[in-house]
Structure formats: C-alpha cells, structure tokens
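Just so it is clear, A, B and C label the chains in written order, and each chain counts residues from 1 on its own.
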Amino acid sequence: MNIQEYTDRLEKLDISKMFGEDFFWTWDKTDDELEAVFTVADALRHLRENNISTKVFDSGLGISIFRDNSTRTRFSFASACNLLGLEVQDLDEKKSQIAHGETVRETANMVSFMADVIGIRDDMYIGKGHTYQKEFINAAAEGHKSGILEQRPTLVNLQCDVDHPTQCMADLLHVIHEFGGVENLKGKKVAMSWAYSPSYGKPLSVPQGVIGLFTRFGMDVVLAHPEGYEVMPEVEEIAKKNAEASGGSFTRTNSMEEAFKDADIVYPKSWAPFAAMEKRTNLYGDGDFDGIDKLEQELLAQNAEHKDWTCTEELMKTTKDGKALYLHCLPADISGVSCKEGEVDASVFDHYRVPLYKEASFKPYIIAAMIFLSKFKDPAGMLKKLADQGKKRITEL
Amino acid sequence: MNIQEYTDRLEKLDISKMFGEDFFWTWDKTDDELEAVFTVADALRHLRENNISTKVFDSGLGISIFRDNSTRTRFSFASACNLLGLEVQDLDEKKSQIAHGETVRETANMVSFMADVIGIRDDMYIGKGHTYQKEFINAAAEGHKSGILEQRPTLVNLQCDVDHPTQCMADLLHVIHEFGGVENLKGKKVAMSWAYSPSYGKPLSVPQGVIGLFTRFGMDVVLAHPEGYEVMPEVEEIAKKNAEASGGSFTRTNSMEEAFKDADIVYPKSWAPFAAMEKRTNLYGDGDFDGIDKLEQELLAQNAEHKDWTCTEELMKTTKDGKALYLHCLPADISGVSCKEGEVDASVFDHYRVPLYKEASFKPYIIAAMIFLSKFKDPAGMLKKLADQGKKRITEL
Amino acid sequence: MNIQEYTDRLEKLDISKMFGEDFFWTWDKTDDELEAVFTVADALRHLRENNISTKVFDSGLGISIFRDNSTRTRFSFASACNLLGLEVQDLDEKKSQIAHGETVRETANMVSFMADVIGIRDDMYIGKGHTYQKEFINAAAEGHKSGILEQRPTLVNLQCDVDHPTQCMADLLHVIHEFGGVENLKGKKVAMSWAYSPSYGKPLSVPQGVIGLFTRFGMDVVLAHPEGYEVMPEVEEIAKKNAEASGGSFTRTNSMEEAFKDADIVYPKSWAPFAAMEKRTNLYGDGDFDGIDKLEQELLAQNAEHKDWTCTEELMKTTKDGKALYLHCLPADISGVSCKEGEVDASVFDHYRVPLYKEASFKPYIIAAMIFLSKFKDPAGMLKKLADQGKKRITEL
C-alpha cells in the first residue's frame, strides 16, 4: 500500500467539519469522520514505518492532564505528540498552584499560551470527567476568541466518565486489520462482557465506548454483565440507535456464556456498576469518606459473588471456531499472575498476548490522527506533502 | 506592524552588554535594555502569530528549578524554551541526589552540561532566593571558564525573594499595549496596594518588582499597605531613585483609598510583611518549627485585622474615570470564589478577566526575549534572518 | 583535531556487531568496541563544540526508568537524547498503572511504541537490576519481532547491580584525556579503594565497573577494602582475566595505604559488602523489614569501625609524585562538608574539583556514543555526513 491509496480514500470522505474540532465521544462524529481517523492513523504509521518524518509542527506544546494514573495512554499521547513535532508538557496538579482555588477557566488559559493540543484523562467520577473536559476547552476557545491565546488548542479525550475514544478506536482499528478491512465487520458477533476483578471502581468508559462504537459497523454487539452492573442508560440508547442505522444489533444479557457463544470478538473486562459510581460521586461531593469506604466494601462483596464471570479456555472454545479475537484495554487482571482470581485465565491471555499488544500499538496513531485532522483543512494534501518531501525520521547515508 | 519596525527600534538601542548576561533584577538593566526586552518579546510574538518559526536552537536544554509550586511560570518557561528550540528538563529536587548533601556548586555543573538556560524560582525565604540563584550561576560560569561546560548557561530569574522580573515585565508590556505605547505612560498614576488574603506568607517579589520597574517610566507610583506590611527598604530606595530619574514619583501611604483615588492602574495584591518574613527565615535556619507555627498564627491574625483592604466595585469607581486598569499576577484570592473574603470582589475580577489573562500571555514572550538577547550579539539581525527564512511553525500547503 | 581523524580511527576498528546491540556491561564488548565508544564520544563533543548539530533523529523517544534517585545520570541521559534529537519521556512508576500487577513484558511493550532508546537505572538489589534490564529489553525485542513495535529500542544500562558502564567509561575517557591518550595507560597504577561513609547500602556497581574496565588497558589495578567488604566474585574473575590478557595486573589488599602508594590514579569510594547486599535482597524478598532494619544497624556499626579509610592529604602525598589523579563518580561524602567524617578530606576534594567535574562531563557523550553506535551501521559515514552538512546547533548570522 502506498500513500496514494490512503489519500484517495480520504478524499472521498466528507470531513469538512473536522478542522478545528475536538474529539470527545465517537458518537459525535459521522461515519466518514471515523473512517478518516482510521485512514490517517494508518497513513501516519505507513510513513513512519518507511522512515518518513511526519513532523508537521516545528514547535508547539501538547499539554497532558492525567487525573488518574496512566502508563499506556500517557506514553501514547507523548508518542503521538512527538510524531507530529509537539513537545509534551504535563500539568501535574500537585506541583501547580491549582490548589489555591484557581478556576478551570483560569488554568485552561494559563497553560495554553502555546498549546496546540490538550489531552485530558478524567474518568473517576460519573458526571464529572466529560464536564471538566468541556469546561476546560470552552475556556480555552473563549480565550482564543478574546485574543488571549494565539491558537485554539484541540481537545483529545484521553478517557472520561462516558467514553474512551482513543482506546476504543485503537481496539477497532486492530479489529479492522485482523479481519482484513472494515467491509468485513458486518454481521460479526461482539461480546462486550463484564468479568470479575478483585479491584473496585474500574471506569465504565471502555464498555460504554465499545458499545457506542462497534455498533456503528453492522456488527451484532452483545453487552453481558451480572444484574446490577448496568452501564449508563444514555449510552445504551446510543448503541441501539447505531445498531439500527448500521444494520447490526445491540442486545443485553446476564449470561457471559450466551454472549460468548459463537462470538467473533470477545472483550471480557471488569467495571463498576453505574448506579454505584453515581452514588460514590455524590458521597465524594458530600465529603462522606466513611460512606465511600462502606460502599467500597459492599461493591467488593458484590463483585466476589461473580467470580465465575471469567474468561476461561472452556469459554473461549464456545466462540466462533473456538478462536474469537480476544480484546482488552490492558492491564488485565490475569488469574494467577496479577491476582489470584481475575478477568482472564493466564493461558488465554498468553495465547493472545501478541495481538493484544498490537491492539495497544494503534493508540499513538489514533491520537495523532485526531490531532492531524483537527489541525489541517486538507489532510490528504498534507499527507502527500510529507510523502513527497520524504524527510527521513532517522538520518540515512 | 512588520518585523522591520521592531528591528529598526532595536538597532537604535545600546544593548551591547546584554550578550552573555543573566537576568536577575530589572534595576540591573538600563532603560535601553528593558526596551529591548519589550521589543524582542513583541517581535517574537509577531512572528509566531504569522506562523513563522523562531527556533534558533536546533538542540539544547532549558533547565528549570522550581523550589515553590508554579503553574503559569512553569508553563511560560516551557513555552519560551519550546518557542526557541530548547527542550525543558526540570530538576525535581525530590528525585535527585541533592539530599545527599551535594553543594550548589556541584549541582550547577552537573545539570548544565548541555544547558543553554537555567530558570530558577526560589522565593520563599528572604535573603535566600537571590543568593541561591547567584551562587548557582556563578558556579556554572566558573565551570564554563574551567572547560567543564561547553557553554555558559544564561540565568533567568523566575522569581526570587527580591524581584519577579518576568512577571513585572509581562505586566508592564500589557500596560504599554493597553495605553498605546511606552510614551503614554508618563504621569499615569499606579496604585500598588496590599490587599487582604486568608493565606499567609505570600512573597514580596511582586510588589517590590512593580515599584522597582514602574517607577522607571515617569509614572506616579503609590505603594499602599497597612502599617507593619513594609517591603524591603533597599527596594524602596531604588524606587525613589528611579522616580527621580524618570520624572515620576514614588510615594507611600497607609490608605488603600488614597492610593486608588484617580489611579490609572491598580495592582491590589497580598504579601507578607518583610520583617516577619525575615524572622521566619531565621526561625527556619534555627529549625524552630514551633516558632514558625506561632509566627504563622500571629500573621494570620494580623492579616485578619485588615479585611477591609479589598478591591471592591466602590473602590474601583474612585479610580480615573472609574475604569483604572486592574492588574494581578494571578491566581488572585477572589471573594466568594476561591475564598470567603479575599483580595478582590468577584464582579471586579470578572470584569477584568480577559485583560488579566492577556497580561499573563506576555510572560512566555518576555522570558524568550530575555534568553534571545543574552544569546545573540546581533538580535536585530537574527530576527531579520528568521523573518527572511520564513520557515513555518505549522506546515502549510 | 578535525572530524577526519575520528572517522579514520573508527574505520580501523571492527565494530560490525555493535549495530542493533544493547549496552549492559563493558566486559561484553571487545576492545575495538570500547574504543569506538570513546572515539564517537569525542567526535560528538568535537562537533558540538564547533556548533555543529548532531541531531540524527528527527523525532523519536528516549525512555528513562530510574528506580533509584539520580541527578547526574538523569541529566546525562536527557542531554544525550537531546543531542541526537530524541525527546526524553520518563516512566515514573508511581504515576503509572504498574502497581496494578502489570508484567515487565507488558510495560516494556507499552512504553516502547516509538522508543529508540531505553535507559534504566536499577542498582538497589543484588541479582535484580541486571535481570530486570535484560527481561525488559528482551520483551521489547520480542515485541519488535512480532510486529508490535516498529523499531527495536536499544538498552543503555544506566547502572545495575553489577556494572555502571556509562559512569566507568566516562571516568576512563577522562583518564585518557588527562594522560594524553589510551596508549599512555599501560603500567599505570590504579587504586580502587573502599572509603568510609556514614551512609549505608551504596551500590557495588562502581567498584565492580572500574575493576572490570580499567584492567582492559594494561594498568595495574589494586582493589582495596577492609575485610568483609568483598565485591562480587564473578567480577573479580573478570578483572583477573582482563589483566592477564592486557598485560596488566589485578590485585587485592586490605590496606588503603598499600593501594595508594605510588598510585597514578586513586578512586576512594564507599560501597556495601556484597554478602550483606545479597542478604538484604533476600530479606526484602521475604518482606522481613525488621531484619532489614537490623542489618542496616549492623552495617552502619561495621562501617564505623573503618573511619580511618578516608582519602587524606597525607595519603595523597604517598601517591606517584604526590599527585595521583583523584576520581569519584559523585556526589562524594566530603568530611566537614556533606557529613562529619566521610570518604575524602575537603581540601583534597577542593583541589580536584575541576577535574572531577570534567570527569562527569563525559557521561552525556558516552551515552550518546552508545546510542549512535547501536543505531548506525556506518557510524564513521554518519559522522562525516553531520560534519559535511554543518547544520548549526545555534543559528548563526
């Protein structure tokens, strides 16, 4: 495949509205826009694999704000910025004066004087993460309009309480490559299933992101979880509408077995019940830390009732030809490796290790593509220019 | 305005001694040198706004040392370095071996092997911050002379116990733009006033920096504070001499009302009494932490007697035409927003939010200009070269 | 000296196996390979001193992992990466999800998507540091082979439990410069001596690295320490074999005086006994923290019996012509400066301060040379290309 094929594909898409836009949720974007992200991600990877520089920024900053621990998203964002020529500057809220009672509006302006991109991870509290991202970027956009900021930075959602678009699009790009093209996804069965974990309070953004995205491609998406582990109803609504529009389906079940049966793709992963997370957010708002501790104990006990929700070899055998593609956002809770009992058997995980890591390897390119499409009016033209220039990433003799 | 006008102005100034020099205090610099900083700052901003790269360094490091929390100065320094092509490397004293009892002389050499700039914030203890900066850069300069370091890094004072030059020059550049040129500052009244804050121990460097700088431009600078909140007498002396030389005035009052009356510019901001800060430094030196706690309680109680020192709508109405330019280094203690009672009414702050953020937006350029003038013998020639080259900051088709 | 002389020297060496290789221990490398590192280090320094850019990477990351505090190695690695065009991204294990129980194999892949170099410092536990580095890079190498990673990063050992090659090669390059060439090292006496320190548990990697490296050059290397402060026997074996092969000698003594007598080079430095460090590793493995505390007390008491092992003026007078070259990896425990009684007298340290800091200044170039030689098949050709291009590091008029 040469760069021409990517730019040809891109030129057929209606992506006129991506310029200057942020990336919050996949369901804000049209099918063409999602395809553009996949295409640019592949094109950037193609260039890098051929030692062609994709530095479109001579200088400029990419600001990252991680309100929760992160390894792969942190390094993916750093890689994406570096690939395009931006330097990462992390806002470590502990080293800043934000504790002084500074408003989001102020912080957003103060860190954005030379920021071309802002990447935020804020996934801990239902109703908070997305709100924070929105407030932050609105303030920066206003700052740009008022002449404070010379450029309007682009927001890339690095995980909020609702969606995790860089993760789920990386997951899906991996699926596209494994199945030989987006046109082969129609009719495939996807099991997005809850799985047992000894830890507590895992975000809902991955299962929500998966059902909100995978239903766009004509697949039969099954969301499976024990009773009481519901995700946000708004996102289920989106999944249903997507499925209708794409000619796929979206169903729910309380049986992991049913979900896995004949599945082409399985995504077994723990998450916390939406209602409990909402309760926790309220307790946190009230400063009721005893209440939070009590809730934690309840949730751990509730989890422990569902240790049988785990991705075993036996379960994998019931999938399509016994070899469904296993997905995970990582790190997984692997039974006998990272915990006593967890989301997946060690032997299943080991079997899928290489594809799992490949899945993760798309994330830097997905992030870079989101930035690229927001920054250039004619992304196809820009890709051609990079290819024509042929500047080497590593100097050659 | 095109780049020629900036370089023309620059060529008229005597700035032959700026090459290779550090930036500690504005009063170390001649009027021409200060004007050069403003001019280069504007020129760099002009180039960036026109998408022209100002990367004069192909590689090299900018070392930052923050001995106190920082958001805007941290990001301003990072932005300035990035704008010129330097990569920021932060010396986090907690992750280093400095606790081993390493001398300043040693640290200065060890972090400077490829450092073109060192930015230091050390504002917490009277008599310490400037001394530390001086000791640090002297060691690096000696290291350069002895053949240890290939280049002599330039020190930029990112706030010490005496002055905060990057802040105050950004403040003043904002004022110059608001008043339509430096030539319009003569005779303007500036109220640098203490204001109440529920917090304790705020540095003196901003009020000192303001009276030490604004008196250079023929303005009538009034320093207002309750009795007992005196600033360093040496800096008051400087302010007096500056005022005499520039044809302005420097006066002191214990009345916020008097200071605000007919003022063109107001800068209401809390700070700790100089004498108390000196006492605190000594207690710290003696390891008398009980003494420090006691002092803190006394100071908070003393502050609380002056809650009426706050920038209200009523007070703003008494300024020139009721619309003095309100300045603050941010973050401000806003009554009802970041604290119950503070330096300024929320409605006043809101009214001035956009100009306040613009004020802050000059800091990256001020820092970049300080570096630029220290690194290039012919800064006008270098600006012309950048403009002529016309390399794009963001690639264009 | 011009660049031709460096490339001529390089072209005479057999370095065909360095391409794509890691740098763990100096004794893994041939004499030609070590000479290549010194030559490229000098050449890169020569180019930088002549304001020639050595950026061979247009983009790419250098990942650093410091499992122990670090100042000079941290800044040396950052400087080396910046010199070559790589951006440093530090993996701070506290901010990552590694605590989740993630495997080394996973972390290695997740941080390496765009990593050209990985630098690791892990020196705290005998039998652990090197193992970790090996496991890490093996996982990344496998990841590259499996198509997960687009490039195989190069590992640079920034200090393990066995060797500290970037330090010891910087030490030796300094010695080569001081003695006017590698050909002048034959027959020189080197005293690698234990010295008293009030602190506990200093790594063995420096004394081991020194005896493993300096014995390669026909020198008479004496390892001196009190009874009970033995280093790893495997490394002593290597030192012996090296000495035989190079026509030098390797001996051990329990007398600092004997080691210093007529020495050309002295390296007095504290370290912990190998056997005790091994015991500590086991206690740590068993989670026996009381045992660790007890061991620490024993070791401090044991240290205190040897306060006479210190580098005094008197002792220095007994060296060759009373002016042996004093080496230290820094920071040193200086009597009366960083501690009451320590490794070296303040007057001795002061006398050697400039050469000591020069010694340290080679480390960024040694690291850069290790990377350079692993990344380019024809390093001489690449150096010529850089010199011919003549791109300025700092823009010139």
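As a convention for this text, a contact is a pair of C-beta atoms (placed from the backbone, for glycine too) under 8 Å apart; a residue touches a chain by one contact, two chains touch by 3 or more.
What you see is a predicted model, and the numbers here were worked out from it, not measured in a lab.
Asker: When the CA atoms of chain A are placed over those of chain B, what is the turn angle between 0 and 180 degrees, to the nearest 5?
Answerer: 120
Asker: More than half overlap in residue numbers between the two sides of the chain A-chain C interface, or less? Answer same or different.
Answerer: different
Asker: What whole-number Å value describes the gap between the mean CA coordinates of chain A and chain C?
Answerer: So the centre of chain A lies 40 Å away from the centre of chain C.
Asker: Could you list which residues of chain C touch at least two other chains?
Answerer: Expected reply: 87.
Asker: How about chain C: which of its residues touch chain A in the complex?
Answerer: Spelled out, the residues of chain C in touch with chain A are 56-61, 63, 87, 89, 91, 95-103, 105-107, 109-111, 113-114, 116, 143, 146-150, 375, 378, 381-382, 385.
Asker: Please give the residue numbers of chain A that touch chain C in the complex, ascending.
Answerer: Counting only chain A, the residues touching chain C are 45, 48-49, 53-55, 66, 69-72, 74-76, 78-79, 82-83, 85, 87-88, 199, 330-331, 333, 337-339, 353-354, 357-358, 360-361, 363-364, 391-395, 397.
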